[in-house]
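Okay, so chain A shows up in both of these, paired with chain B first and chain C after.
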Partner chain A sequence: MEQPFSLTSELKENRLVITTSGYVNNVGGETIAKEFNRHFEKGITSVVINLADSRVVNSIGMSFLLEIIEQLQGVDGKLIFTNLDPAVEKMLTIMGIFQFAGKASDVAGALKLFH
Partner chain B sequence: MNAHTSAPPSATLVRIADQMESFRENLRKVSRTGTAADLANQFIRDAQIVFPNASLRFLHASPGSGQWEVLAGDAGSKSTAHLPRPSDDDGKSSAVHSEKNELTVSQTLADGSRIRVVLVNMPAQSQISDTDELSLRVLTGVLETIYGEMLHRRNEKAMLFSLNHRILQLNSLIDTGIEIATIDPHALPHRLALVRAISLTNASTGMVRVSDANAVLEEYRFPEHSSRVKDGKSIQSGFEFSGRTYVFEISDKESRSGVIPFEETDQMLLDALTKQVHASLENRHLHEQAIENERIERELSVAASIQRKIIPLKLPAVPGYEIAGINIPSRSVGGDYYDCIPLPDKRYALIIADVSGKGVPAALLVSSLHAYLTAYLEGNDPLPALAGKLNKALFRASTEDRFVTALLALLTPATGDIEYLSAGHNPAYILKSDHTIEELKLGGIPLGMLDADFPYQSEHRKLTPGEGLLLYTDGVTEAENERHELYEQAHSLSGFLASRRPERAESFIGDLISEIRSHTGSASQNDDITAMYLIRKS
Partner chain C sequence: MTNTIAMKMELPKVPDIELVALNGLALLGKHLGIADDKIGEARILVTEAVINALEHGGKEHPKVEVEFTMTSRELTIFVRDYGKGFVPSEVEQPDIKLKIGSRNKRGWGLKLMQSMSDDFRIDSTVEGTKITIKKKLV
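Right, the complex of A and B next:
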């Protein structure tokens, strides 16, 4: 059963890894965006969002993810999604997210894509 | 407009000419990802280059708003209270000099919002020039253009996002339909449908409740432990299936600005997903029934196979006699039984029996009868004692509503003597050589009906050459036609027998079945039909 939204974040080699848990909706999306902005303001432009424990995303949550992508595009940064549930991956594909963001099977794979 | 001094093309104009391109590009870059506040801040930063000795403020009023909001610049330098209310501002663009060193340019933007840029020259005695006014107007005009472009791009993105979301909804509806259609008995299609409905309608929470007439059997919430917001709205859908009520409720449609009412399409989407769950449960139920039917068919097939081994494919050759029999079950397995069993003393035991009821329970009792009869015949008991043993054994082997009618006979081939006994069975007929028929009316209690020592009685008859003995079950005399008329009512078996003196046992059985079939026509057979005919040849 899906738990209330929460996230953790860590910096790995100056790359921000955000790991979420729960429904990525308005609250979830906003929480991710705040965490991203906190690091973005400090110059972090390589970001991984691990959605392993978030198997449901709605379009409001997705709009926050799009904003993160746009902000990163403005500074030649990059966002990579990992551990995507098939339904979420299809959702992000249909919404055109992967035209501007990458995807990897796990965080280690995502970090390699930045090299 | 207040009076102000004229000045030659100043350094301000030179700076604005130099800076215009980068000014436009900086604003455009910010407009791609930033907010109105970001745009205002960028405007002030770049305008400050053009007006290095001025203090600048950027104020904004949303459409219909009666208040100015300081978005950027030296916000603390002055209150906005002295400014005209935004609704009082007239004209698309205007400039005023409230004091000799202060210039205000206001502008209406593409979305109807208003901006005011306030420039205060430092030091305070420096007067506003025409060049200053022209320069600030130009910069504000550029901002208006960039802001318009930003709105246009946002509208385009919003439309694209909305279109993609509709595609996503349709796609997900199809995918979810396929996932829900699984016949896996452990799948929970109602939960999957709820989660998809919440996600696709941007609801915050939801629940599905399954209940019967007495209690709530299941209540699933998504997300776990979620609760609705105060004054939020919900939509519902549901159905009833197999005595259970399924109610789906999703609540609090989200937007970036808070909770909003659900749309008509949200209700349509929820209804569509709910119907898919209903269809899935029905399909699963039908599938389970089909599996159950298949299992029963397999068991029936096994039972029929066992019964085929009990009912003789071919009766034994009896010296000086010809004997033939037939059994046509009305179902896969039947409750009728017949046999002719050679005994060690060269006699033959003839039996025909009919178990009450049909199908597998009846067939099981036939198996028991066959087993007990075969075993007890080895004891060489008198016929009434044999019937008594069978009665007790079948009583133990059957349920209260099951019993067996039977006609047992012992044939001594050499003499033509037949000792017979009836346990509640249809009377047998002897087709005599004088062209009469004799009905063997001796009665008795059906086997297995009661646990008591009944005094079964037997009688003897003698078959002379050319005479025959017909044993049959009630499937013959009670065969129904399409008007539900019994054969015995419409024709009578004794009438049919009176007109015949068969010489061949097998052809006579064939004639009898043809007679029954001509009566029943296309009506379905509702009981087993069994008959056995013995004719003395010499």
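Right, the complex of A and C next:
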């Protein structure tokens, strides 16, 4: 059974890295958005979401991430997804999310994309 | 001869109950020797079908029926709810360019199921909706 949702976050060179674990459902998506907002209010506009330990996501959870994209667009910020399960990557592609967000194989690769 | 295995369950409307269906899917896949990465997209199809059915199912019958029929080559997912039904052709296709900036960012389930499946059928009446999805596993 998929683990309950949890996340950790850290700042690396003023870039926010959110690492999730477990099922990204509506609660998970909202929790990610809240964590983002906590840092966004302090001026953070470069964000990495690492989904390495979230192989199961749903579209409601992903819808909350559109709020992050929306807010970052307003300040010329950037969101990059990393460590995507191939099926999750396909899901985000179908939703069109990569028209507005980047992707990288891992967090180190994502951080390089901000330079 | 192809080994076929089937599983049927009735899921009540409780948070994250779709994970029970996913657990069943994983067990069937393991039994048939299907590599976990082959059922990744099936996981998303099952998740979307179940949460969609639970969301639009009727209040009088807050449950959905889920059935898997699986071989090593193909999975058939059947999901039935007892809601008031809908007209598929009247469902607006979500567009991310319109979703960003709008209050309603949801409504992706049908598009995902149609796009990720190999065959997708909806039979919806005022007595409920049946969704049948086929997904190749090879």
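By definition in this document, the second predicted complex is superposed on the first by the 114 of 115 C-alpha atoms of A that agree within 3 Å, B and C clash if a C-alpha of one lies under 4 Å from a C-alpha of the other, contacts with A are read in each partner's own complex, and residues count from 1 in each chain.
The definition used in the following text is that contacts are C-beta pairs under 8 Å (C-beta built on N, C-alpha and C of every residue); 3 or more make two chains touch, one makes a residue touch a chain.
This structure is a prediction, so every number in the text was calculated from the model and none was measured.
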Chain A as common anchor, with chain B and chain C clashing or fitting: clash
First (chain B), second (chain C), both or neither touched by A:91: both
First (chain B), second (chain C), both or neither touched by A:71: first
Touching partner for A:100 - first (chain B), second (chain C), both, neither: second
Partner chain in contact with A:60 - chain B first, chain C second, else both or neither: both
Touched partner set for A:23, first chain B, second chain C, both or neither: both
Partner chain(s) touched by A:52 [first = chain B, second = chain C, both, neither]: neither
Chain B/chain C common contact set on chain A: 1-2, 23, 25, 56-60, 63, 66-67, 70, 73, 87, 90-91, 94-96
Complex contact set, residues of chain A against chain B: 1-5, 22-23, 25-26, 56-60, 63, 66-67, 70-71, 73-74, 87, 90-91, 94-96
For the chain B and chain A complex, residues of the former touching the latter: 29, 32-33, 160-161, 164-165, 167-168, 171-172, 175, 195, 198-200, 202-204, 220, 222-226, 254-256
Residues of chain C touching chain A in the complex: 15-16, 18-19, 22-23, 37, 40-41, 43-44, 47-48, 51, 94-97, 99-101, 105-106, 108-109, 111-112, 115-116
Residue ranges of chain A in contact with chain C within the complex: 1-2, 23, 25, 27, 55-60, 62-64, 66-67, 69-70, 73, 85-88, 90-91, 94-97, 99-100
